[in-house]
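Both complexes shown next keep subunit A, but they swap its partner, so subunit B is in the first and subunit C is in the second.
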Partner chain A sequence: MNEQNLHELEEKSIYIMREARSKFDNLAALWSMGKDSTAMLGIARKAFMGKIPFPVIHIDNGIDFPESYKFRDELAKKWGMKLIVAKSEIREEMSGFSCCGSNKTDALKRIMKEHNFDGLIVSIRRDEHGIRAKERYFSPRDMHFKWDYKNQPEELWNNYSSKEKGASHLRVHPLLDWNEIDIWNFIKKNKIPMNPLYFSKHGYRYRSLGCTHCTVPIKSNAKNIDEIIKELRVTKVEERSGREQDKEKQYVMEKLRSLGYM
Partner chain B sequence: MEKYVITMLGEKDHGKSTLIGSMLIAMDATTGDRIREAKRYSKNNRFEPAYILDSFYEEREKEMTIDTTRAEFAYNKSIYELIDVPGHLELIKNMMSGASNAEIAILMVSLKKGEGFRPQTKRHLFLSSMLGVKSLIVAVNKIDLVNYSEDEFSKMKENVGEYLKKIGFNRPVEYIPVSAYNRDNLISHSNKTKWYKGITLLEAIEHSARRMRKDSSRNRGLRAIIQDSMIDGKAATIFAYISSGTIKTNDSVHIEPFKTQVKIKELYVKGKRVKIAKEGSNISIRCNLNSNLIQRGGIIYANSQKSAYSRSFNAKIFFIHGLLDRRSEIIMNLNNKKVEAIISDINGFTNPSNGNFKAFKNVKIVPNIVVDVKMSLKSPYPIERFSEYESLGRFTLYSKDKFVGIGIVK
Partner chain C sequence: MLCRDLMAAIKPQKTIREIEQLQKEPTEENWKKALKIIQKGKYYYIYYPSALKGKMSLSSAYAIIYDKSEKPIFKVPILKKTKNSIEGATSYLVGLDINRGMIK
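== the complex of A and B ==
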């Protein structure tokens, strides 16, 4: 395992989360019960003396996997999270662009307003998608939650943006530098509890988790973290290849993110 | 396994994104899906490796990089992260945001007719040392468009070398003739430049990384920057980042500008109790202290070292927006603390596009020149020289809430 690199990634994420706690009056984090946001919470516990000092939001459209709900409730209890479940109404068709863009983003907007959150930790990584690779560590969203990606603020050295006029909140991205294998190495080393859907059952496993309607499993026999890492070292398939919303139309991720999606 | 961060520098269209795209493909560090996606959007049947980086619709339409991005490859037990930056002058804010994260830089300079060693190329070079670049690789690009001419390469090498000498760039520099698009001399020697006996780009990257490793073993005094604190029962926990030196349990330290003495009772790194913490660590310090006294932006020093308190100091600033004058008020972001300052004197300026310094007192500070100034703070604050404590001796500048430039303490 790549000890030095993992150590540096953790340190940077801790620095970013501490900056976030210090800069915002009302910080929260998104948790999808997936590997990245669960790892992020594990890092937060290291940063803040074993506690998660901000509420954790699950945007729940009611169609997540049963395994995910169970995992959520168990870990929330074990780690003493302040869990906020934001139920989203499914008004639009239940998959792809309109589902993520409208149902999920609307629920997020509502819960952010209700609680007056001005900082939101989101566990995206640069290597997931070309559009996500364009993000800052601290990234403002306007009153309509829009990402003005053509005019992002400066971000020099380790100085990150504070809340500015015209911003509803800032997105904070502590995992931007991590890649998929780093995440698994961290989970293994720190024995972070994990959603069972990532591990192979009857020859299939989920590599990236969304909701039941638009996530498909991959063919895999990886039953534990070591086997997953081994599999990832040789694969040439994109991590999010099982996620419908990424590929249905041209530049759909760009549109989704500019409208407030994660 | 260590990670090294490398930024691209250079004028628009000189091939920065193309170089990264080609390196990722050559090093097998991108997925088939990404390459297929880039191919699908490439125009006129000419595959654009740059599209692996330039993901925005607008970037592909206008054929230019708008904002910075990164991608990495692994080689010989190291990870190399390449930062792409835009070359347009109007996008220099985005270029600085990317380049400020790197210690190694690759300057792209094109041999294509009409491109050449441009003012913007020089500006990037001039700024790179202010931003923290310590090692430079000059990729003399588009060698294929000048018939792989040794003569053209040598002329460019001389031009860039002269400029670097003029601006006092005293770090190691390597020059390599490349075609980023055709991958000549990127990871293996091209048979079209048999006259070239030097190293490939990949080798140059490795050499630079090796030098960084040696460089980082310097022993310097303790400087830890306070980010935040948390009250937990009776004890206070201070969160700080060690920017240089080491700290140990039972050390006595002083925290400035609060003039407070503290004994380190308990020390934590990544949530685990430790006896010693080193440079680059985010620490938690437990102590019996009224945490109201300790604020963000404070600096922790070893008791054996005095802090360099100062109300005024000399600085070099690069300004990107608006107009400044002697007596202009400005906000400095120093160690994540906003401090009020005045430009109390102007001593001269350098125009990066030619590298000439002019001693000139009554100059108005206009964008895109580097000005030597004297800054005065409203209240004294610990000030360090950029040459001694790099991360403490640099700052960003704001006027009316708008980012207007960067500076370093001389």
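== the complex of A and C ==
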């Protein structure tokens, strides 16, 4: 895995965050308690003098890992976050597609409307999935939260638009250029607290975190960040191979994202 | 995940009234009553039997609670029933660690 210049990545992400803060009237950030979104909040603290100056939204389907809930509440308190928990609908029998897709998107739509957010920071990276590679740093969503990936705004010379005709809000992606190992290098350098599920016990750890239904662990003996970084330097396995919704065909993921799913 | 037959073979070591009530009727009130008992456990592991192909059955899903020696103590649902709907309830297991010894 290619390790990039961390200082340059941080500088760009901080710039994007500050641009978003200045351009949007009502900005918020999504947090899943995973390493990427937690690192994103760490970058926000660097950008804004140790504070997170916007609300942080957790879309909760109620079946997350208990460790994730504990980590959420502890870190939200420690970092003084204004945490908004948006519950997504759950049914006794449902497909993973509807749980991860429409239900979470519906919860997000509800909370965006309720609070009138016009900008939303999301911690996706281009290297995670082919669909995400098509994203822009500031990416508009229409009134139905749909993403027109074939018709995206130009982003020339670090100029980003916060207003797009017909957009209900814009997604801000400060981590687009980062890869997995960069995230861990940042976490290590800045001593960012991490969800304990990432670290190995009994020969297993979680490399990518979703809810208890759609996440499976990987075989690994990496018990701390140094060991994780060492492991990532030689791995040939995709990061999200343990996520059920990513096992869908590529076009299904494209459809999910175009409908507003993260 | 282990198959349903194997899960049925894991018998709880003792039956506790609050846990029995929770298994019968996973309301918020019963979850709160059972919380103290659940927190005496050390580990959990959640099982999702499939109802139909491609679908998950949350009403059939459950968590086995284990003691510090990783012995199963009892099982609990992972849902909470409200008046008009159901909600996920894994947050009631906060404080327990996932039993990675059960991963195959």
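Assume the second predicted complex is superposed on the first by the 251 of 262 C-alpha atoms of A that agree within 3 Å, B and C clash if a C-alpha of one lies under 4 Å from a C-alpha of the other, contacts with A are read in each partner's own complex, and residues count from 1 in each chain.
One rule holds for everything that comes next: a residue touches a chain if its C-beta (ideal position, glycine included) is under 8 Å from a C-beta of that chain, and two chains touch if they have at least 3 such contacts.
Fair warning: this is a prediction, and the values are worked out from it, not measured in the lab.
Chemist: Determine, under the contact definition given at the top, whether A:K87 touches first (subunit B), second (subunit C), both, or neither.
Modeler: After superposition on chain A, A:K87 lies in contact with subunit C alone.
Chemist: Return first, second, both or neither, reflecting whether A:F65 touches subunit B, subunit C, both chains, or no partner chain.
Modeler: The answer is second: A:F65 touches subunit C but not subunit B.
Chemist: Just checking: does A:T212 make contact with subunit B only, subunit C only, both, or neither of them? Give me first, second, both or neither.
Modeler: Touch status of A:T212: second partner only.
Chemist: Have a look at where A:L197 lands relative to subunit B and subunit C in the superposition and call it first, second, both or neither.
Modeler: second
Chemist: Would you mind checking which one, subunit B or subunit C, touches more residues on subunit A?
Modeler: Comparing subunit B with subunit C, the partner touching more subunit A residues is B.
Chemist: Contacts for A:R110 in the overlay, against subunit B (first) and subunit C (second): which applies, first, second, both or neither?
Modeler: After superposing on A, A:R110 lies clear of both subunit B and subunit C.
Chemist: For subunit C, which residues are in contact with subunit A within the complex?
Modeler: The contact residues of subunit C facing subunit A are 44, 46, 48, 51-52, 54-59, 61, 78-80, 85-91, 93-98, 100-101, 103.
Chemist: Which subunit B residues qualify as touching subunit A in the complex?
Modeler: Per the stated touch rule, the residues are 1-3, 31-34, 37, 52-53, 55-58, 66-72, 79, 81, 93-94, 96-97, 100-101, 131-132, 227-228, 230, 232, 237, 239, 241, 268, 270-271, 280-282, 284, 296, 333, 336, 391, 394, 396, 401, 403, 406.
Chemist: Quick check on the complex: what are the subunit A residues that touch subunit B?
Modeler: 2-5, 8, 10-11, 14-15, 18-19, 21-22, 45-50, 53, 126-127, 129-131, 133-134, 136, 149-150, 152-159, 164-165, 177, 179, 236-238, 241, 250-251, 254
Chemist: Which stretch or stretches of subunit A touch subunit C in the complex?
Modeler: Those residues of subunit A that touch subunit C are 60-67, 69-70, 73, 87, 89-96, 99, 196-197, 201-204, 212-213, 217.
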